[in-house]
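Should a chain be cited, it is by its letter among A, B, C and D, assigned in written order, with residues numbered from 1 in that chain.
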Amino acid sequence: SNNFFLLAGPCAIEGEDMAIRIAETVVSITDKLQIPYVFKGSFKKANRSRIDSFTGIGDEKALKILKKVSDTFGVPTVTDIHEISDAAMAAEYVDVLQIPAFLVRQTDLVVAAAETGKVVNLKKGQFMSPESMKHAVTKVTETGNEQAIITDRGTMFGYQDMIVDFRGIPTMKQYAPVVLDVTHSLQQPNQSSGVTGGRPALIGTMSRAGIAAGVDGLFMETHFDPANAKSDGANMLDLSLLEKLLTDLTAIRTTINSL
Amino acid sequence: SNNFFLLAGPCAIEGEDMAIRIAETVVSITDKLQIPYVFKGSFKKANRSRIDSFTGIGDEKALKILKKVSDTFGVPTVTDIHEISDAAMAAEYVDVLQIPAFLVRQTDLVVAAAETGKVVNLKKGQFMSPESMKHAVTKVTETGNEQAIITDRGTMFGYQDMIVDFRGIPTMKQYAPVVLDVTHSLQQPNQSSGVTGGRPALIGTMSRAGIAAGVDGLFMETHFDPANAKSDGANMLDLSLLEKLLTDLTAIRTTINSL
Amino acid sequence: SNNFFLLAGPCAIEGEDMAIRIAETVVSITDKLQIPYVFKGSFKKANRSRIDSFTGIGDEKALKILKKVSDTFGVPTVTDIHEISDAAMAAEYVDVLQIPAFLVRQTDLVVAAAETGKVVNLKKGQFMSPESMKHAVTKVTETGNEQAIITDRGTMFGYQDMIVDFRGIPTMKQYAPVVLDVTHSLQQPNQSSGVTGGRPALIGTMSRAGIAAGVDGLFMETHFDPANAKSDGANMLDLSLLEKLLTDLTAIRTTINSL
Amino acid sequence: SNNFFLLAGPCAIEGEDMAIRIAETVVSITDKLQIPYVFKGSFKKANRSRIDSFTGIGDEKALKILKKVSDTFGVPTVTDIHEISDAAMAAEYVDVLQIPAFLVRQTDLVVAAAETGKVVNLKKGQFMSPESMKHAVTKVTETGNEQAIITDRGTMFGYQDMIVDFRGIPTMKQYAPVVLDVTHSLQQPNQSSGVTGGRPALIGTMSRAGIAAGVDGLFMETHFDPANAKSDGANMLDLSLLEKLLTDLTAIRTTINSL
């Protein structure tokens, strides 16, 4: 369809019902708009600021729910891995293995993901330049796996803020398809509460700019009840706003494709 | 027309012929695309990195050329001022007085510009947050002049780079119309040569993202021979590329207007 | 004495009594510690964030107070200038002309200050690299005035914070004597109130690190009643803390000199 | 002795001879200066920018060399771990487990290190604020292990530079003893070569400022032949410079202790 693709879903898999409910809604919208869709959910949250944050419902249990979403709706799925041993385990259940931004310099982890033969979604470290992502992609391709994608989730700007550098999009497109993570890139880290903040009111602005700047895909976390989500509630998109957002973005993409 | 407006022209007024030649080309393009156009040219370059940089052809001489451009093509003009006494002088020749980014915290200068009754274009300091531009706008409006506009020309990111924070566009639109300066925001300052660098290949990406993010206007420096321009050659748009760029941006704007 | 030198005094000259009272205290301490002392006071605050901030008691009145301090205590004085015409005016009253950080790229202003033959204190722009201060110094020396000094008052770090880059001290010492401004470099700009914040509890840490890193001088704003000072109260040193601070710093300097 | 303590050694354990040779030299110097010393060496380099970088001589082989250094010279040792399973393995050989800066948000890894009962050296993430290190320390102490230390190795400043925020030293000392890593904090990451650069000429400036600012310890990588070291050669201290450096720093520390 030449539309952008979408990686979307809840931050964490909190249970089967919520996963199915979110997937069903997103699938229905993306089918209509001809947006290739990958369901996203973390089976484990390994890098919370605080030790008392929610970390998951159990690895296998969450991965099985991802598989069920895939089987039920016929969509691929993506989850993030944190240790070398996660790669083979997660690869049995999902189609795309995601390397978290903090971990994208861990060579063994990237190589382990690549060696599963799955698509590898490399999140750009908040501390990395667009140009330096070339080396991360090379770690994937040197295993013989040509299916790397890069997701930008913002760059540190002082201690408590992140910024998206749109100049990096054409740069990184030289190495792999580029996705803009429009929810995490609006985070505000290192808040005194120990819980990362966010600015979800700006998801529309960020998404529109990303599509206009030529990204291949968008990444966003969405939930039917962000305020009660078990993690990252501060920056998820309310699911009820998704259809209007994707419709608008599809219109912009159509124009961009025509230029 | 509900199209975005454009502030464009050479960095410095180098002479009458070059000013007329650039204005003629831009007027012809913007007329066709129904883009409200303001001719831009500095009568003096007061804040060069190095003492041996070009600073101008003479203040009155340059201002008279701006007036001639205005009279010849029926377009308003904008120039930047650096001292309180510049305000009244420049106001006799141009329609918009621009406060340079480095000087936007100088209250007396902003007030002097405002008191001329002309439109005041406040460049966001590279060291200022979008939110802090509210105070700059207030310095204009408290004189009774309601015609402030804000132009974002990027924010310091480390010593030798600038970044545009697209989150700031909706923020600053609460205070005044917002313009994105797509050539200066691609500058790379503090280079070891003492001459600011730039990345003009990214003007298209930056402009598209700006229009999609909802800016009211664009600012760009353009020249028929950037390599031989007397200042800022490293980041001006080649005039021959302008028509295609503005045509594309008008298409995006039309889509944005329809959402 | 080979001790560091000190530029210190209130942010703004609020009146004769306060200036004399502060000078008297600082002179007494610096005499005892053999610290060469320059009394500092602004005759005008030209770059406040908000239009309703205090800007001064009158230019000539404030400059005369600076002269009186100099005559009374036999110490040189420093004040900051904002317009070309300020240079000659202030030079009649003070010994050191200071170029504010926001204005250090304004070539005409720097040259005007240099041409008075007075010492020129160039504040490093919050947006400038240490290396780029070489060009600012050259603007002074090319007039034949060899008396430039550089003062570091911190560098932008995100929107609402500043950071001091101690690597810059040896770099800038290649160009001119280097002063660390230990009160302004602890500012936190762009606060939502429109009034710059600060962290005066860290003045000791910052000063000690500066002396150890080899600065030639220190700059600090001090007041006997910071909470009621008319400007920058959030980051001035309480005058009652000055003697202990300078005594400690002199001990560190003595050690550094012996290495 | 109330002197600062020192974590120092080569970046990577390249073999037994080089480890012994470096340890012997450092032990001799630190014994003389009464500096408590911990020998540092990585048994594995897991997070190189490029896939073709050196990663180690074999995990067990390197760990055994660390043990031999400890047995030979009677000094504790520190090494960094990257996966949960590394914690128990390394704890059999060394006294301090170090969490790399990129990994300090990985809760499971920090907890695994803490549960060995060894001292845990938490490197401050280049993307973390000093205040946010409180949460990292809590992850250690909630396991019942009170032996956390924090090491600052600089903070991202733009894409290709790092900066040390000396304001963070007193802040982090509220949570745990604070160490300044004076070689890594001078790194310049994201260079176009894919090999991190550095500025070792500034190690003296950085160390002096750190001691004066009150750090409890220093961390530095040192090698008798930095140019031929297998990793991080661009920013290690030449071992021949160590004695003079530590002698000077001890003098400054003595003064600081006396204030």
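Some observations on this one:
Definition applied: a contact is a pair of C-beta atoms (placed from the backbone, for glycine too) under 8 Å apart; a residue touches a chain by one contact, two chains touch by 3 or more.
As the structure is a prediction and not an experimental result, all values here were calculated from the model.
Number of steps on the shortest path from subunit B to subunit C, with steps defined by chain touch: 1. Taking the definition of touch as given, a chain qualifies here only if it contacts subunit A and subunit C alike; those chains are B, D. Of all chains, the one whose Cα centroid sits at the greatest distance from that of subunit C is A. Here the CA centre of subunit A is 33 Å from the CA centre of subunit D.
Centroids of subunit B and subunit D (each the mean of its C-alpha atoms) stand 48 Å apart.
Centroid to centroid, with C-alpha atoms defining each point, subunit C and subunit D lie 36 Å apart. Shared contact sites, meaning residues of subunit C that touch two or more other chains, fall at 157, 159-160. The touch graph of these protein chains is complete, with an edge between every pair of chains. Note for the complex: subunit A touches subunit C at residues 157-161.
Those residues of subunit D lying in contact with subunit A across their complex are 46-51, 55, 82-84, 102-103, 105-108, 111, 125-129, 131-132, 134-135, 138-139, 142, 155-156, 159-160, 189-190, 192, 194. Residue ranges on subunit D touching subunit C, taken from their complex, read 157, 163-167, 169-170, 186, 199, 202, 205-206, 208-214, 248, 251-252, 254-256, 258-259.
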